[in-house]
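Step one of this worksheet: look at the structure below.
Should a chain be cited, it is by its letter among A, B, C, D, E and F, assigned in written order, with residues numbered from 1 in that chain.
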Amino acid sequence: MLLDSGCTAIAYETITDSLGNLPLLAPMSAIAGRMAIHVAAYSLHKNSGGSGILFGGVPGTQPAKVLIVGGGVVGTNAAQMGIGLGSDVTVIDKNMSRLRYLDEIFGSRLKTCYATLDSIEEFAVEADVVVGAVLIPGSTSPKLINRTTISKMKPGSVIVDVAIDQGGCFETSKATTHDSPTYLYENIVHYCVANMPGAVAKTSAFALNNVTLQFVLNLADKGLKEASYDNSHLRQGLNIHAGKLTSLAVAKAQNKQFIPVLDAI
Amino acid sequence: MLLDSGCTAIAYETITDSLGNLPLLAPMSAIAGRMAIHVAAYSLHKNSGGSGILFGGVPGTQPAKVLIVGGGVVGTNAAQMGIGLGSDVTVIDKNMSRLRYLDEIFGSRLKTCYATLDSIEEFAVEADVVVGAVLIPGSTSPKLINRTTISKMKPGSVIVDVAIDQGGCFETSKATTHDSPTYLYENIVHYCVANMPGAVAKTSAFALNNVTLQFVLNLADKGLKEASYDNSHLRQGLNIHAGKLTSLAVAKAQNKQFIPVLDAI
Amino acid sequence: MLLDSGCTAIAYETITDSLGNLPLLAPMSAIAGRMAIHVAAYSLHKNSGGSGILFGGVPGTQPAKVLIVGGGVVGTNAAQMGIGLGSDVTVIDKNMSRLRYLDEIFGSRLKTCYATLDSIEEFAVEADVVVGAVLIPGSTSPKLINRTTISKMKPGSVIVDVAIDQGGCFETSKATTHDSPTYLYENIVHYCVANMPGAVAKTSAFALNNVTLQFVLNLADKGLKEASYDNSHLRQGLNIHAGKLTSLAVAKAQNKQFIPVLDAI
Amino acid sequence: MLLDSGCTAIAYETITDSLGNLPLLAPMSAIAGRMAIHVAAYSLHKNSGGSGILFGGVPGTQPAKVLIVGGGVVGTNAAQMGIGLGSDVTVIDKNMSRLRYLDEIFGSRLKTCYATLDSIEEFAVEADVVVGAVLIPGSTSPKLINRTTISKMKPGSVIVDVAIDQGGCFETSKATTHDSPTYLYENIVHYCVANMPGAVAKTSAFALNNVTLQFVLNLADKGLKEASYDNSHLRQGLNIHAGKLTSLAVAKAQNKQFIPVLDAI
Amino acid sequence: MLLDSGCTAIAYETITDSLGNLPLLAPMSAIAGRMAIHVAAYSLHKNSGGSGILFGGVPGTQPAKVLIVGGGVVGTNAAQMGIGLGSDVTVIDKNMSRLRYLDEIFGSRLKTCYATLDSIEEFAVEADVVVGAVLIPGSTSPKLINRTTISKMKPGSVIVDVAIDQGGCFETSKATTHDSPTYLYENIVHYCVANMPGAVAKTSAFALNNVTLQFVLNLADKGLKEASYDNSHLRQGLNIHAGKLTSLAVAKAQNKQFIPVLDAI
Amino acid sequence: MLLDSGCTAIAYETITDSLGNLPLLAPMSAIAGRMAIHVAAYSLHKNSGGSGILFGGVPGTQPAKVLIVGGGVVGTNAAQMGIGLGSDVTVIDKNMSRLRYLDEIFGSRLKTCYATLDSIEEFAVEADVVVGAVLIPGSTSPKLINRTTISKMKPGSVIVDVAIDQGGCFETSKATTHDSPTYLYENIVHYCVANMPGAVAKTSAFALNNVTLQFVLNLADKGLKEASYDNSHLRQGLNIHAGKLTSLAVAKAQNKQFIPVLDAI
């Protein structure tokens, strides 16, 4: 077990920034959001079990209807790509300020919708592609789209569950791999690959280095102790040190003793 | 009667250009196409009998679905304005080259559809606004949308019949005036104002002067005879001269004697 | 009187959000801002008494010059639509950060101007359309454009006073209705309809539901007392309860006794 | 053999339009051009053998460099999608008018380059993706990119050979299938699927119907003989009738007797 | 003299293409049109004698008003750059089809105006920058803007005369050089550099090579005689051969004997 | 010396706003950022010693590669103009949130890169133009690009050092003037004009008035004492009063006695 090893463990996903966000997660969310559209376009092909619709259509035919559930980093990046490929994109979210912002930057190229269980279902059953982009940091994703809704969708439609690493936000999702990325359930193509960014390892490595570099330099320059004292954001990431559990959340979840970072180092 | 008056009559609508188009009609078509969207937005208001949908919606709500039947000058101008107001616009036409061009200049902001009687009906019954923009120069407009389709449209939807001056392209259209521009039929708001550009007289006058000026200068500089010899496009517009009928089309239609322009002047 | 009725009164317009904004007013402002452009385009028509300019012009003619006084939610939405229709839009405001943001998202399609009494007058007398979009929450609108400036405007120009519900920001504004929306004063078309969003009741209802739903669910789930304790934003909206006046502002304005919400419930 | 069967054979690919183009090929070219970008994005993934670059990158990382060889229908559609996904697209062509048009409609989002053997090689070896989009109707594609150039490209780069149905425009291309779409050669991922539009059968069917419908109606209304007399474009498509070879090109290529359509029917 | 030298002289500016255009002039026009905006922005600086306006302004201030006289290749390229820098651009032209096309591709970012002597003057006196972009191939430019209009322009405004190589289209223009590019006349900064593209020699060389290469290869492959027989466009460029004058236009202008190319070679 | 004069000195550059920014510096940064692109385009000309590349290229040739070091106000404005002129722009910065925002508003028209010493060098040596846009308020600019990197750049490339007023961010920069704006060093054109906005004095004056006016009115209305009490932002700007040094930073730097504003007035 990690505690017994005596190691110092810093978790990317709990490092914060001055706005309270999780800056080391953002690039992976951006990558997954953009990839979601690539793989959706590909999964609509007949040989993936899809309906055989071309994502953006061609003049004289209809483009795919795309529903993006969640307008955060994942959803915004998915929307940008979906619009770019010429599809008919709707972003659905409960955060009205966010929808207003998306409307300001994308204008008439994007539709937005306020999220209720009813509106999610209504749009999902009309959609050719649904991207599940609701991630709640540090907790299991809510099941926003249930089996019944899935069963009402048009055969050959595609769902991409970007939240699969946290349990998924479709009731019918099960994690898949890059080698066998999709399965059919109720005639709906499910793309539920865990660790989506792994497929674009080169971009992912650069994107992650960009955000971690300052912390690495901080540690290298000052050593763990001083760096932890000086940088509260880094400190939020320090979960284990010298056999002590310094993450309150983990301590509570595992019913173990919690020792604050500044006492532990 | 005009013939007896001995006047020289030049008809704007039969003057041609080097591409075989009718350049003196184009500006009025552009104006009518753009106005069609203004008046559609206004006619959707409750107090016009409309469904009370805001044309472009606001973040979190759905914009109006707009079907533009015909992708020529009228339709292109209507599309440009409809997109500008943030609505969900589809242009339907049989001319695939035209649809491809519209796709190239408007990209993902516009949908296009190939026109068949079926596809027109299918889109019309889903639309909040239908703009009839099919004008066949010198002939009566085809009735592209019939009473049955109108009766299947959503109550409070709006039709704008830009072709009303040539008989209209909706079966249920009857010409109206700027003072009383709309009527309800089958709960559909009908905007069928004859001479739409009259409402924006200032812009119309400038737009028309822009295209007629060269012909006026030609006549003023050279006199009718020489101008007619030199300028075959102007000659196409000369319908009556000194009691002689110089338009073949009119002569046939009225079963009168036709005398070529160059013999008449 | 409301106090005597013993009712519990929650005012939409005093509910806050975490940024100190008034989230239940924003959707109505967005609607009014967008409608302002529709009605301005319509009011420029000759039969409304307007100058007969087509809002966005057509190739070869000049578009309308539009001045939007105020770059908040109303003004931003009006700008988005005004640009979309191809007019020549200037937003005038004293908030430079806001002007910079508008410049970033609209780029070369929008002009911005710093607001002084002089600059407002200078632009107003050149404009074909002036939209008054300055609303100060909970107080009377300042009269930014006075009678003298109005009298210098071009005949047939249009003003749209979106602030009319709070007294209006033109000195010459008087509230009108959707049935008789405009009047001429000094040859300027005044559109001063109170409750503009009423004309698009369907969109307004959805937009309002989107922002109120969470508060309604909160009340339904927890009851008034617990919801008020837990949700400080909702608490800001609770103005009257069980015969007690719980709004400090109202109490002051009416010189009545003020009782804090948490004491009253 | 077809001739012996006595059938009447109309070839889609030789029907013309009034501009001398081949209108029944255009929709398939548009589809293949758009798909080329989808499959390129997918083929860059590690598990396809690609370099692991995300097609459009994310903020802070570099997008893929995309070279599109040919700026016709295929290339324009590929460019539109490549730009939409945020990649760094260059279209290379010898037709300067075409490059100018692409510059006018795509502006600063697209780079264009004049095609010479040198410039093609220079850009290809720098590219992450090369789309071969040069189709010469009725003849074998020229091999624009040879084995040597391919061997200089960066490992893990992707080529998509849209011209594979006519022999391909990369020297190293061999036709593949939708079930096994790519192979590695010199560490370059080759996507060379014959009949690309087959994967999006639904969109392809609609797109093809849109352009063929008028000819079908023509034949149904008038019968073969009259339709062939009246419609010279349809006549160009009529290759075999009643055991006679009515296509001059095929007759020459196969050294058989040619009989003009109007003599044969 | 050239004739006596016995040389074969091919003139770039008389080579045609299949549309009757002069393809070897187009790239230089594109370069000059784009440069016109760079140098105008620079010439507005105080130390060039300009009015000290920033070309595109900054938020809260007004951008330069730019009038582009002529909407051909020069004018379109100038418009594209002027819009890109955020200025308020109007293109003025007599060709309505061209104005319509510019409106379609630039939308609400560009204003267009029909050219008359009156409208040119009206816009010029309001402008901060006027670009003269009217070139009539093979003839002297018309003086579209006369001394009187220049004298009414605002002090410190800038004119850029792209037509100076053909005599200029401002009455007050005199050719200048890249080393001393501007002079003040009536307080207006005149930029009238002959051979503008010379300043960007690298881009000019590539652009010119792109369009001449095919003719050079043609000559190299086939020799002059066969190339002239086969390629009518090249033939239009052949003005002198073996002491014979093969250009009809030059022969007429100089009152010399004309010998057709095909007789001379 | 200022202190002895007994004057009251208010420094524009230390007045703050509610976000902690320096609002009186922002307009000059915006101006300098936009001008940086104008002067870069001009400095690329042969007669300035530049490489002779046209900033945005023309169809068929390559545009300039532009590296903007710093994505703040200066860099964002430079990027907007650089994109507008059709060049290939990369913004490099360490602030990932800022890069994400730039990506959202500019989309596929802009590239962004995370700043490290390595990445800055790598992009600089490939660039045709490098804009140094890193200003650290109240301190000397860091030398982000050193002599070695400059010596590796392509001959005729251009650097614009917007930070020259604070010492410059290129190691080889020396301040120049508007009359002699550039010098060659290692064959690189250096544009290092101090007080760039001086060249566009008219726009600069308006832009500065826009942001200072409220403080001037404040002082005029209330007098220094009351204005200083009421307005903490103004107070931050008050550096000297009645012989007392009221700026802590200046007092420290000059080792003099510091007296708080509220004690001094």
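Going forward, a residue touches a chain if its C-beta (ideal position, glycine included) is under 8 Å from a C-beta of that chain, and two chains touch if they have at least 3 such contacts.
This structure is a prediction, so every number in the text was calculated from the model and none was measured.
K.L.:
Using direct touches as single steps, what is the fewest number of steps from chain A over to chain E?
P.N.:
Minimum step count, chain A to chain E: 2.
K.L.:
Mind listing the chains that sit against chain C and also against chain F?
P.N.:
The common neighbours are A, E.
K.L.:
Taking contacts as defined above, which has more of them, E-F or A-B?
P.N.:
Contact tally favours E-F.
K.L.:
Using the average of all C-alpha atoms in each chain as its centre, how far is it in Å between chain D and chain F?
P.N.:
49
K.L.:
Approximately how many whole Å separate the CA-defined centres of chain A and chain C?
P.N.:
Chain centroid spacing, chain A to chain C, equals 37 Å.
K.L.:
Tell me, which residues of chain B touch at least two other chains?
P.N.:
27, 30, 56-62, 80, 83-86, 96, 100, 105, 107-108, 114, 206, 210
K.L.:
Once you draw an edge for every pair of touching chains, what topology comes out, line, ring, star, complete or other?
P.N.:
If you draw each chain as a dot and join those that touch, the picture is no line, ring, star or complete graph.
K.L.:
Per the touch rule above, enumerate the chain pairs that touch, sorted by label.
P.N.:
A-B, A-C, A-D, A-F, B-C, B-D, B-E, C-E, C-F, D-E, D-F, E-F
K.L.:
Enumerate the contact residues on chain D facing chain B in the complex.
P.N.:
By the definition above, chain D touches chain B via 17, 19, 23, 26-27, 30, 76, 80, 84, 105, 206, 209-211, 213-214.
K.L.:
Taking the touch rule as given, give the residues of chain A at its contact with chain C in the complex, in rising order.
P.N.:
Touching chain C from chain A are residues 94, 96-97, 100, 104-105, 107-108, 114, 116.
K.L.:
Residues of chain C touching chain B in their complex?
P.N.:
Per the stated touch rule, the residues are 27, 30-31, 34-35, 37-39, 41-42, 44-47, 51-62, 77, 80-81, 83-86, 178-179, 198-204, 206-207, 210.
K.L.:
Going by the contact rule set out above, which residues of chain D touch chain F in the complex?
P.N.:
For this pair, the touching residues of chain D are 56-63, 83-88, 96, 99-100, 102-103, 107-109, 111-114.
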